[in-house]
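These notes open a run of structures that come right after.
In what follows, subunit A forms one complex with subunit B and a second complex with subunit C.
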Partner chain A sequence: METVSIIFSFIYQYADNIGFLLLAAVGLIIIFGMMGVINMAHGELMMIGAYITAFAYHAGVPAPIAIIFAGIGSGLAGIVLERLVIRFFYRQLLSSLVVTWGISLVLTEGFLLIFGPSILNVPTPFGSFGVGELTFGIYRLVLFGVALLLIGLIWALFSYTRFGARARATMENPEMAEAFGINTSRMYALTFGLGSALGGIAGGMFALTATISPFFGVNYTLFAFITVVVGGGANVITGVTTSAAALAGAQTIVNNAWSVYVGYVSMMLAAFLILLILPRGISEYLERRKIRVAKKNG
Partner chain B sequence: MAAEPAERQSEQALLSVDGISSGYGSARILQNLSFAVERHEILAIVGRNGVGKTTLMKTLIGLLRLMDGTIEFKGESIGRFRPSRRAHRGIAYVPQGRGIFNRMSVTENLVLGQGLGGIGRKADFDRVYRFFPRLKERGSQKAGSMSGGEQQQLAIGRVLVGQPELILLDEPSEGIQPNIVQEIGQIIRRLTEQEDLTVIIVEQNLELIHSVADRCMVMDKGTIIAHLTPDEIADEEVAKRYLAIA
Partner chain C sequence: MAGAICWKATLLGLVTLAFATAAFVGGSPAQAKEDDEIVICAIDSTSGDFSIMSTPKHFAYQMAADEINEAGGIFVDGMQKKIKVVGYDGQSTVKRYQELAQKCVYDDEADVVFAAYTGAEREAARREVIRAKTIYWHNNQGEGGIADRYSFFSGATGQQQVLPSVKWMIENIGPKIYFIGADYVYCRAMGDWTRTAANLYGGEMVEEEYFPFGVSQWQATIDKIQRTKPDFQAHCLVGAEHVQYYPQAQAAGLTIPMWSMVTISDGYEHLRFAPPALNNMYATISYSEDVPTDANGPFMERFRAKFPDTTKFPYINQGAGYGWTVVHAMAEAWKRAGTTEVEATIEALEQDIEIADHPGGRWVLRGAVHHAAQHTYLFSIDAEHNLTFVADLGFTEPTFLQDIGVDMREKAPGRAFLPRDNPDWAPFFEGQ
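Showing the complex of A and B:
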């Protein structure tokens, strides 16, 4: 094999792995990273998105629009979930863990009962291209691009809009936010719905590459949590992107040196080591360093 | 010095509180408490620690549930409203410890003040910067990294952005240098004289009360035990009797 195609293959796999982690984590950035809710049913909200995408696609809706439907559907499902259940368990870590795990099981078994063990898959679009002797799927790069785009949009929404400022105020100090005219109860429902909608879009994107079954979600919940936790809460966006870059880096290197299985193990090991050294995540370290540098310079 | 009878609460009172009880969980801290505030008035609430002053403020803004009684603001019964709805009506709350959003910038904190309703409805940042020029200089700084005095200026400036009609100020002098306390006192005075603003202030600093308040209420055991003039509060004997401080 030529060197060029080997190098490209390596970069392609790295982008693919980063894209996977970021897209899996994209809704959880808001729900866990910002709101602090341990939502074990996050993967199931993605699963709902995948089902909506598949049904819409097979009903003749073009895939991109089907994925937008998935976002809307999962978003609404998220709002219902928040109003009926989640809102009673804010700031109760253990209870919310158990309750949302229960919801995840109910959704999985419910979909199994209603739709059976699997439904018709959606074909992966765009085909492939070749570099040297190797061929690469184009859609994987689309996943990577969309992941970056969605994270950029979340960042812009929370940094520069009125809604974003009000949401951040609510996360930081709900009582004072309420005293400043923000209906925090509605704000929680909205942000949870937004996180769920992003999960639904991610689920819809993945639906074009994976087998769609009631157990679709379990593939993502774990990786989503690892990515967000390793990123840390000091600055969720930089945290998640650096964490995905680090974890995917470890995975890609080991993948190529040994095997896919060892690649996954190495990612877990990397997460474990990072959290051992930086218990509050990468972004906490980066923020502290930024302050140190700022102090040194003046 | 005698307690004002409830009948004297005029119909134009901006805020009238009638027979309210409230507290934490099932514990009633406030018991059957009544008073009224007229427009443009600065009403000071004094009393020893733990008599329910902060509980009263939190009940007025709605962070604590009203167990009994009524709260009327501009003739509307607001006792069952959630705090955000009271804020839209024009009540602003500056809590003890200031309640700044530490992780947000100074400007972002000010912008949140727009959520407060009131007369103007249009945010007026320049007016706030005239009172507190430092807030303009420090606009992009993280609010949590400012000094206590600057944070107190931000806490008051932030509510002025929305032009509320009633400000609830809980211990504004706490942990702040005396010169800034004086400055804040002057600004409060000026605001109520020149604008359509009314203030209820909980304070331990008798000097500040003497310089700003029109009227004082003394609280003990969750109720009001006396009404005093600012001059009476400045009298050491009176202060000793009601506040156990000299």
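Showing the complex of A and C:
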């Protein structure tokens, strides 16, 4: 029984670590992976989601609906941000980096001034279950499930809907898309808003387990970028999922074999090695391999 | 889609930016010190991860200075002087503490520097201040082993907090202890103090683990604690990420009692996490708004009258008490010395200074060791997050340095000591 619970604990931790990386990265898949905007304020959009969730919950709104509010709120905040600032910085990699970094500072300090250093978080729901002598929280598995669900939805949206096709056309070649009658500036705003909304939902999900403070986002931005960058741009969705699986794998194994500290180091080391061997990310390699296989077979 | 992006360059840019953030120095330009001013320089993190713990302290300095100034100031060096508090935001970044400490000493000509929350911040600031032969104070609980002529400590030491608390926990909860803490100087020392207490009072340290700041996923540790089955957990978890342990452990169904010397007293986690995340917690507190002393009621009234904003100050924490007391202690030392000259002020401080209305009860700076004798209280937290007073663990003396032969009035060794430097306790750490 002991072995069973240890093996389950290992799988649980792996799912937990993947869920963390995927949720942190979910909005950035669109904003950075597809639109190419280095949004340093991504964590702050998540932070806004966390605040909305906490305020709504403590005002009597059930947690799932509070999290949907967070998505709507962060999405609107994202659209406003895009219209006022971001749209002047498309295809200017370094400028967008500095500008969004500035925005993130303004947002954190602004929230600190208005709401103080911290607010009450939301209780973690669902309780726990036991495997052998160990017990596990259910909510961490819900985080993992929601992360997969959101990524599935992004994939379906961009693959099968009219909006998705138009958005992809806009990102690929804005002039041509414009010529075909697509309102590209509206597409940009909506896509950015969608990415922000996903960030808000992720922030709302984390609000049920984390400290909510103006500095909430800092911890997620770094991991979100690492996950998306390691995934690469050739196919963002496969890239991000494989990259999260690889990084969390390294982390989980080393966490248990050595210590949590070495676990973090190993994750950074894995990211470094992957980028050293595959400078354009995992998905580029997977795409090339797919083409090679297709050529051989056909 | 985003084929034009060079992924490696992006990552490089992000790393550069991270360093640029660390190097950015702000703050207002220094004004020359007036003749009728005594300058207290206060560096605390009013933004960033540690702002939760450090903000009340930062404003308590101002409150005490205003009280002294309204009463006419201090007569030193042949004239009546007012206290001016120059405040800086350390932004929870160690490097800022070093830069700002230099600014305090050289630009603001500070007569005393109060700086830092964590031990890492403290050492960055303290090194600069004592190098310039200026008086430095750390106003939080600390390891209790720093023996330096220019360094003073208003907070309780591991000896004063950990020894009596762990003794109480061993006697009332059970002997087997699982220690988890942040991986830095303070919590490492708290691990040593916990091990010392376990050996002195018939307990057993079954496991001891340290985690870097920023760790926020705790399942591996929760599993390990469940498998080890200690009687209680000893915690030294520091920062917003670390304390996510509480909701995660609670959600995972871990019910083994916990004890901490930093949780609640500094970061009022019972007000930040929705109940019952902190259920089964015991907290050691030397001062907070829940401490039942005569001086606490009037202190809180004055604090709330001055800072009524409860969003900015949700809880009057341990640092607030120390912040207020240390200004009054310095005022007393300058008054006794009749000057703000550093060496004379240190001699006055070394004659023991008692602040009778310290909100945590009687508080006496012991000149021989530069640390303060004070009360230690133990509280318990229930499923609704009510704080219940459990015991006054007594008026405790910081005798650790004296016990190993240090008397700062004769000679300051200028180094830090740990429990293992006490020859009687060294065997506890063999094989470590």
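The rule is simple: the second predicted complex is superposed on the first by the 297 of 298 C-alpha atoms of A that agree within 3 Å, B and C clash if a C-alpha of one lies under 4 Å from a C-alpha of the other, contacts with A are read in each partner's own complex, and residues count from 1 in each chain.
In this text, a residue touches a chain if its C-beta (ideal position, glycine included) is under 8 Å from a C-beta of that chain, and two chains touch if they have at least 3 such contacts.
All values reported here derive from a predicted model rather than from experimental measurement.
Of the two partner chains placed by the overlay, subunit B and subunit C both lie in contact with A:168.
Counting residues of subunit A touched by each partner, subunit B versus subunit C, the larger count belongs to C.
In the superposition on chain A, A:139 makes contact with subunit C only, while subunit B stays out of contact range. By the touch criterion defined above, A:269 lies against neither subunit B nor subunit C after alignment on the C-alpha atoms of chain A.
Looking at the shared chain after the overlay, A:253 reaches neither subunit B nor subunit C.
When the shared chain is aligned, subunit C comes close enough to touch A:34, but subunit B does not. In the superposed pair of complexes, A:183 makes contact with subunit B only, with no contact to subunit C.
In the superposition on chain A, A:76 makes contact with neither subunit B nor subunit C. Looking at the shared chain after the overlay, A:124 reaches subunit C, while subunit B stays out of its contact range. For the contact definition in use here, the residues of subunit A common to its subunit B contact set and its subunit C contact set are 168, 172. Every residue of subunit B that touches subunit A in the complex is listed here, in rising order: 61-63, 82-85, 87-88, 92-93, 95, 99, 101-104, 108, 111-113, 115-117, 162. Across the interface of their complex, subunit B is touched by residues 162, 165-166, 168-169, 172-173, 175-185 of subunit A.
Residues 9, 12-13, 16-17, 20, 32-36, 38, 40, 91, 93-94, 97-98, 101, 108-109, 112, 114-124, 126-128, 130, 133-140, 168, 171-172, 208-216, 218-219, 222, 225-226, 229, 232-234, 236, 255-256, 259-261, 264, 275, 279-281 of subunit A are the ones touching subunit C in the complex. Residues 1-5, 7-11, 13-14, 17, 47-49, 51-52, 55, 92, 183, 209-212, 214-217, 219-221, 223, 226-227, 240-241, 243-244, 247-248, 250-254, 271-277, 309, 311-314 of subunit C touch subunit A in their complex.
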